[in-house]
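Input: structures, listed below.
Shared between the two complexes below is chain A, which pairs with chain B and chain C, respectively.
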Partner chain A sequence: MVFDKYESQRLRMGSILPQLIVNGLIAGSIYALVASGFSLVYYVIKFLHFAHGAVLTISAYLFFVFLNVLGMNFVLALLLAIILAIALGLLINFVVYKPLRKRKSSNVVLLIISLTLLSFFTSFALAVFGSSTKTILLAQQNIIFDFGAIRFTIIQLAAFLLAIFLFFALWFIMKKTKLGKSMRALADNKDVAQVVGINPEKVYTYTFIIASFLAAIAGIIIGLDQNVFPRLGFNFIVKGFISSVVGGISSVPGAIVGGFFIGLAENLGIWVLPSGFKSVISFTILFIFLLFRPQGILGGKKDGI
Partner chain B sequence: MSKKINIVLISLAIIIFLVGCAPVQESKSAVEPIKIGGLFPLSGDGAAYGIPIQRATMIAVNEINAEGGINGRPLNIIFEDAKCNPKDAVTATQKLVSVDKVKVILGGVCSGETLGAAPITEENKIVVISPSSTSPDITNAGDFVFRTAASDAFAGKVAAEVAANNLNAKTAGIISETTDYAQGLRKVFKEEFEKAGGKVVANEVFNPDDTDFRTQILKVKNAEPDVIYLAPQTVPKGVLLSKQIKEAGVEQQLITAEVLIGRNVVAENAPDLEGMIGIEAEFDDKAPKSAAFLAKYLAEAGEEAPFPPFMTAAYDNVNLIADAIRQHGYDSEKIRDYLYNVKDYEGALGKITIDANGDPILEFSVKQVKDGEVVEYS
Partner chain C sequence: MLEIKKIESGYDKLQILFGVNMKLDPNEIVVLIGPNGAGKSTVLKSVFNLANIYKGKIIYKNKDITRIPTHELIELGISFVPQGRQVFNTLTVKENLEMGAFLINEKDLVEKKINEVVEHFPDLKKKMNEFASNLSGGQQQMLAIARALMQDPQLLLLDEPSLGLSPKVMKDIFQKIVDINREGAAILIVEQNAKQAVKIADRIYVLEDGKIAMHGDKKILKHEKIKHIYLGGH
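And now, the complex of A and B:
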């Protein structure tokens, strides 16, 4: 009897693999969305912008408020949430980071400040919206694609397609546009870039606009898929950070590859290991990469692509 | 020049230091308040319990103070954030014990908090009384540790009985969070379910920081259990877990403890929680004292009380401690003895009797979410 149970379970394992990969890709898409903006800021300005997590949290809450509390339509709520998230990103840059950069504060100071901001906005969300989880109600959200062996929701499909699209879009921006070239020039050598007429602050502003836009997209997707709660940004920025390092912190599209890598490794890993090991898997991968391939999967060419 | 500035700066620093160290002068006319510690999760996921329970505590405190306090001295609760984990609970407890020198601590709320605080409070002979820590380990946590929440040793047993007897389940899957409270529930459920002749075919856990449980759910689904027992520590994780279970197309009956049948939790997340069976301490919201408390909470907080048993327990704990101090003075050993002798105390929670382990003797009731409402399970 007991034997039968386990035997049938083993037989079914093969049919479970597709769903496991889908789970990995879903998690990976979300990590990739978080990692891309975080990685962009690191690449251009060279500091760990953990307050990126704050923008994630706030954009998810804003979207929830616009859509469900104020009853706006989907597109308007989405646009407003994105615009306000960008405003928040810019505000953080102008009010906090810029004066510190002017004062030539070290990266450690910026790191501490960014952690403080993350903590501040997490508590802010807790104080304003309360500790309870908010479920974003959207009729279309419950559309589930069921192909027998695999199931996923429309939100998860959107996350996946967005992550793939962003991979190419970021590659294009970094490689082909004037802005991308300025970013790469600044990342390579700030002083020389200034000599040839690149205004760092202007490029940094654009960097924060793009990064906060990415954070807003990620925050809203996470909110739709995994609900909105004050520690949302806190939890995801850690995985985003790991993904960026693994994908190659000196490569912006690499962050997306890293996201998928971590998502797949975690989900395939806990099929074999006890599920409590999930975070252990991603941190172990981080250690392995830091020790043996610190430039990450796509890093190494030093040109941000 | 710069030397001068240095001297000025140093003297300023010394002055600030000295002023900062000077004891705060209390106005002489005021009577010295009775200081009691409050060890609650006020931030993070655990704040979903901590804040409502803190409000419930304050309702009792304000009532007592409005009537002139205890023997003329007002109650003053010093709240510390224990963040629902033993590590922060230890820091907070040390502060309450050595800086504020309290003799009674209300809380912790999460089991991990109470278990983290217990070694310190035992050593210093400080009474700890929790309204909501339900881990079975707390029964033996110490002589000065009390609670008015029923041990999960019973809650897990009732869940296993419902699964085995009412639902005729032969196999069960378990998904639990890696915290003291949830692991206590998991252990008891597994033991009791197996004692009843059932078999646990999948036993998955997740960490407090996880938000993606799909592969754990997939493993449980793949084992095809008759029922699935969920033991999340906090509301956000529990809600997310049930949402992802629905998305994965799991059709088995879900059973849980009290976390997911909190009234506001069900109201805000009805579609994901529909059909869920939950077990909570028996509680009669129509009893006069209970109804009065709930009405007062609604008026003051602007929301229905989310966890009536825990919150009324918090309210009763303040009154029990106040009674003890009124009768025996602010002496922790006498308060301890008073608490061991509590029998049929008429509180907002119901009739409270505390046993020799500092645990309450309570009944359980089985609830189910039906059409977005929490109703008696039948």
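And now, the complex of A and C:
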């Protein structure tokens, strides 16, 4: 009897494994999207921009409002949500971070401020939209690809493909364009960057534009794939942060690898653990990395990009 | 070409220079020597607007350039090579040179400049796609100088270019500096290792405690005190 029980469990597990991998890749692409922008800010400007989570939350709500409340068409709602999310990222940089940098505030101060901003925008969303979750309604949302062993929605497929595309685009910007090279130069040696005429604040502005763009895409995808709720940004920036640390905090490719690693680990983990353990799994991995490989998977690599 | 007039400068509240006067003519190599902590680097950083200037003026080609932004100084033809083989380690040699031409927007012109500049540095030419971190100390210093040449400087400021290099490499570096000077750039070098640097100098300034203690042509080297303190004579 005992043998039979395990046998059936093994069979059941075997059949869900492909689906768990698919789920892991989808979660991974979202974590990686969140982590890539967060890690880009850390790489270039050298501080933990937790308020990146606020951009996630706000972009998801904006998209919801434009699409479902104001009834705009998909493309317009998407564009507006992205543009305003970028504006929010820039506003946070100009109004809060820049004066603090000028005052040469320590990273601890910047860390506290960025956490405060995250809490502020979480409370703001709660105050304006209430605690109930909002579901973004989109006609195409219900298209499901069913291959028997695996199934996924069109949103999830789009999330995965878009993430992969954006990572290549990011790589291209960093490696091949003058802006990317100046970001890497600044990340490498700020003094020399200034000596060759690079204006750090100008490059930081572009860094926030790129990072907030990535956050807006991630926020909208999360909103479409799951729901929109005030703690969305908080929950996902925590995962993005774990992904960044596991991948190597000052490495953007590391953050992407870390995102997929955490996404797959959480989903494969529930092969043996109840599904409520997802976050326990990712935090356990974070602890293991902090204790035994604090530089992360790709950390310690000479080139941060 | 360059005139430093009664400069008082430092970093925030820490004053380092107390009224420094210096002059540099076109095509000259001027060497600034002095003990550790005298403020030699601060002189260069004041010219390049990387230190806080409290008082005094810096005149370049009859124009007051005191406190004007660094990128404008580069456009005026001034380049600075900071102390300690400062390169972008995580960028390739070629990318380092591209960054040297950061203010030039035409891609073709940048390519052309890179090709011109590396003609002077055969070692770099062979390693264009290597990360700067993989270069030897001497090569990194060459790269830092090559990077400064990307904008065609008429005035090159060098902060201890020989620091931490072997005597042979040091000699190469100083030879390069002479070559750059022959092509028309005025050069202001700060050096602790005065022995090598004064060989190529047209004129010498001695900085002590934030003030110019002595200046003149090579004859001042015969001065007992200078011989003793800076040239290692006993």
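Assume the second predicted complex is superposed on the first by the 292 of 305 C-alpha atoms of A that agree within 3 Å, B and C clash if a C-alpha of one lies under 4 Å from a C-alpha of the other, contacts with A are read in each partner's own complex, and residues count from 1 in each chain.
Here, a residue touches a chain if its C-beta (ideal position, glycine included) is under 8 Å from a C-beta of that chain, and two chains touch if they have at least 3 such contacts.
Because the structure is a prediction, the values reported are computed rather than measured.
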First, second, both or neither for A:Ala185, with chain B first and chain C second: second
Chain B or chain C, by number of chain A residues touched: B
First (chain B), second (chain C), both or neither touched by A:Ile26: first
Contacts of A:Lys134 with chain B and chain C, given as first, second, both or neither: first
Touched partner set for A:Val196, first chain B, second chain C, both or neither: second
Common interface positions of chain A, toward chain B and toward chain C: none
Complex contacts: residues of chain A adjacent to chain C: 178, 181-182, 184-185, 187-189, 191-199, 302-305
Complex contact set, residues of chain C against chain A: 48, 50, 70-71, 74-75, 80, 82, 86-91, 95, 98-100, 102-103, 131, 133, 147
Contacting residues of chain B [partner chain A, same complex]: 43-45, 47-48, 50-51, 171, 178, 199, 201, 204-207, 209-212, 214-216, 218-219, 222-223, 235-236, 239-240, 243-244, 247-249, 264-265, 268-269, 272, 306
Chain A - residues contacting chain B, complex: 2, 5, 9, 12-13, 16, 19-20, 23, 26-27, 30, 122-123, 126, 130-135, 144, 146, 151, 153, 222, 226-227, 229-232, 235-236, 238, 266-267, 270-271, 274-276, 278-279
